[in-house]
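Listed after this line are the structures, all set down as structure tokens.
The following pair of complexes shares a single chain, subunit A, combined with subunit B in the former and subunit C in the latter.
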Partner chain A sequence: MIYLKSVLNVIDNSGAAMVECVNVLGKGNKTAGRVGDRIVVVVQSIRSAKLLAQTSAQNRVQRGDVRHAVIVRTKKEFQRQDGTVVRFDDNACVLINKQGEPIGTRIMGVVARELQQGYAKIVALAPKVV
Partner chain B sequence: MSLPLLRLPVRGCSVAETCLSALRSAISMTLEDSRRVQNAGYQLNRKPAKVPIKILQPGPSLLPKGSEPKQLLEQKLTSELDPTGWRQQLFQRSSPLALRPGDVVRVVFNSETNQTFVGTIMAIRRRGLDTSVRLRSEVAQLGVEMSVKVYSTSVKNFEFISRAVKKARRAKLYYLRPDEKKGK
Partner chain C sequence: MRTEIDSFSGNRIYPGRGKLYVRGDSKVFRFISSKSASLFLQRKNPRRIAWTVLYRRMHKKGVTEEVSKKRTRRTVKHQRAIVGASLEVIKEKRSIRPEARKAARSESIALAKEKKRAEDAKKKAEKAKLAAAGKTTAAAKFSKQQMKGAAPKVAAHSR
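Let's look at the complex of A and B:
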């Protein structure tokens, strides 16, 4: 359940480390964001320069940037059609541009299978999909 | 118009009569009206139904008398969803092959890629056909929990990997979750 003021980990190499959710897009008023939802975030902290070296200068994000992101993991459990319930130990997102493509070039960590619909590129980049 | 105080029922006089007499005097009904009210009780102005109400007879019983439909359904579904009975062998408490909390198990799903999930059994929720197992695993240094419905058609197989090192002293191992307050 991601909504205003929720803090998420960023698991790509865009440069951001932690972001704060400001808005959940495409949903009704006061509806929380779930895995696969698009959100507007503010970058709160960035990663060390060593990791940033891999991203191009134009894609690098700064502290205070307002970006779009897609939720890839939630601590709040979500249910699938076959009755399986999945829960991660943290909330995480991947920064995307307005067209829905990831800004970074690598994804570190697990993502949920729900992203297959609409964010196939992220699923392809992810090392592990649950 | 002031309403008279309702007196307590006098011996030999019912509460209903006392209330009626109070009502009567309050609205100053005619004697005839009051008699009509008394006789009709709550069924005032009852007119005969214009369309006769059909009274249907019960149809023939689909199940033999004395049978329990819920049990029959459960048996039928269990035989359909688990014909070989391996699910019952793994999840029935009395079975010699029964899984216990703390065991490591691999779930294989019925997908094109044969998606699997390996995890420690945190909890077994036994509800007949609705039985589910909660598995916990560390995937890329992150804890992931998955609650799998055992009788789901999307579950192909449960593979037993290893027994718990030490028998868990609990049925539900929620303590395996990281403590949020302390540093990890």
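Let's look at the complex of A and C:
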């Protein structure tokens, strides 16, 4: 359940560490964001330079940047078609550009399988998909 | 359709039942009910919760059927020949009946006694001869150690 003011972890190497949600795209008014939803975020904190060495200078984000992101993990449980209820330990997202491609080149941690539709690139980069 | 097993209790989880919890370290846990989920999150040890599979396995509950199926192992002993007695000799000796053994034993005892008696008589005769010839008193009997004498004292060479 991600909505305005929700803080999420960023699990790629785009440079951002924590982002704050500003808007949930493609949903009705006051509908919370779930795994696989696209959101508009503001970068609140960035990661140390060591990790950023891999991303190019263009792709690196700064504090205060407004970017798009896709939610990959939520602490609020969600249900799948087969009835499985899934819950993660935190809220996490991956920064993307306007076309839906991830800005970073690596993804750290696990992502939900719901991303397979629409964000296949992220699923391909992820070390583990649940 | 695939049945999972509960990470805490070991129960079978059919699809549509229970919860899947992904921890911060990306480890996946499945729970069949809020009971097992709650106990897990309270960090209880399933080995100490009596109704879990782990506990039952540890305390060997309800496994009597499996135990009886196990085949008992029996070691087979082989009789081996020893240096000094071949296999046949051992078998022969073993098969002697007790009366025969007793008879053989008493025989050998009698023989031994005879022998001893003869020897004693011989010795006596010799002694008598000596006494008659020498007329000397029987030499005092010294023990071996007395004959050896005292050991020489070790001279001191160093301080």
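Note that in this section the second predicted complex is superposed on the first by the 130 of 130 C-alpha atoms of A that agree within 3 Å, B and C clash if a C-alpha of one lies under 4 Å from a C-alpha of the other, contacts with A are read in each partner's own complex, and residues count from 1 in each chain.
Operating definition for what follows: a residue touches a chain if its C-beta (ideal position, glycine included) is under 8 Å from a C-beta of that chain, and two chains touch if they have at least 3 such contacts.
All values reported here derive from a predicted model rather than from experimental measurement.
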Clash or fit (per the criteria above) of subunit B with subunit C on subunit A: clash
Touched partner set for A:V86, first subunit B, second subunit C, both or neither: both
Contacts of A:V110 with subunit B and subunit C, given as first, second, both or neither: both
Segment of subunit B intruding into subunit C (one of 20-28, 74-82 or 146-154): 146-154
Common interface residues of subunit A - those touching subunit B in one complex and subunit C in the other: 73, 77, 82-90, 109-110, 127-128, 130
Touch list for subunit A against partner subunit B, complex: 73, 77, 82-90, 108-110, 113, 127-128, 130
For the subunit A and subunit C complex, residues of the former touching the latter: 73, 77, 82-90, 109-110, 127-128, 130
Complex interface listing, subunit B residues touching subunit A: 115, 117, 132, 139-149, 152-155, 177-178
Subunit A partner contacts - residues on subunit C that touch it in the complex: 15-24, 26, 28
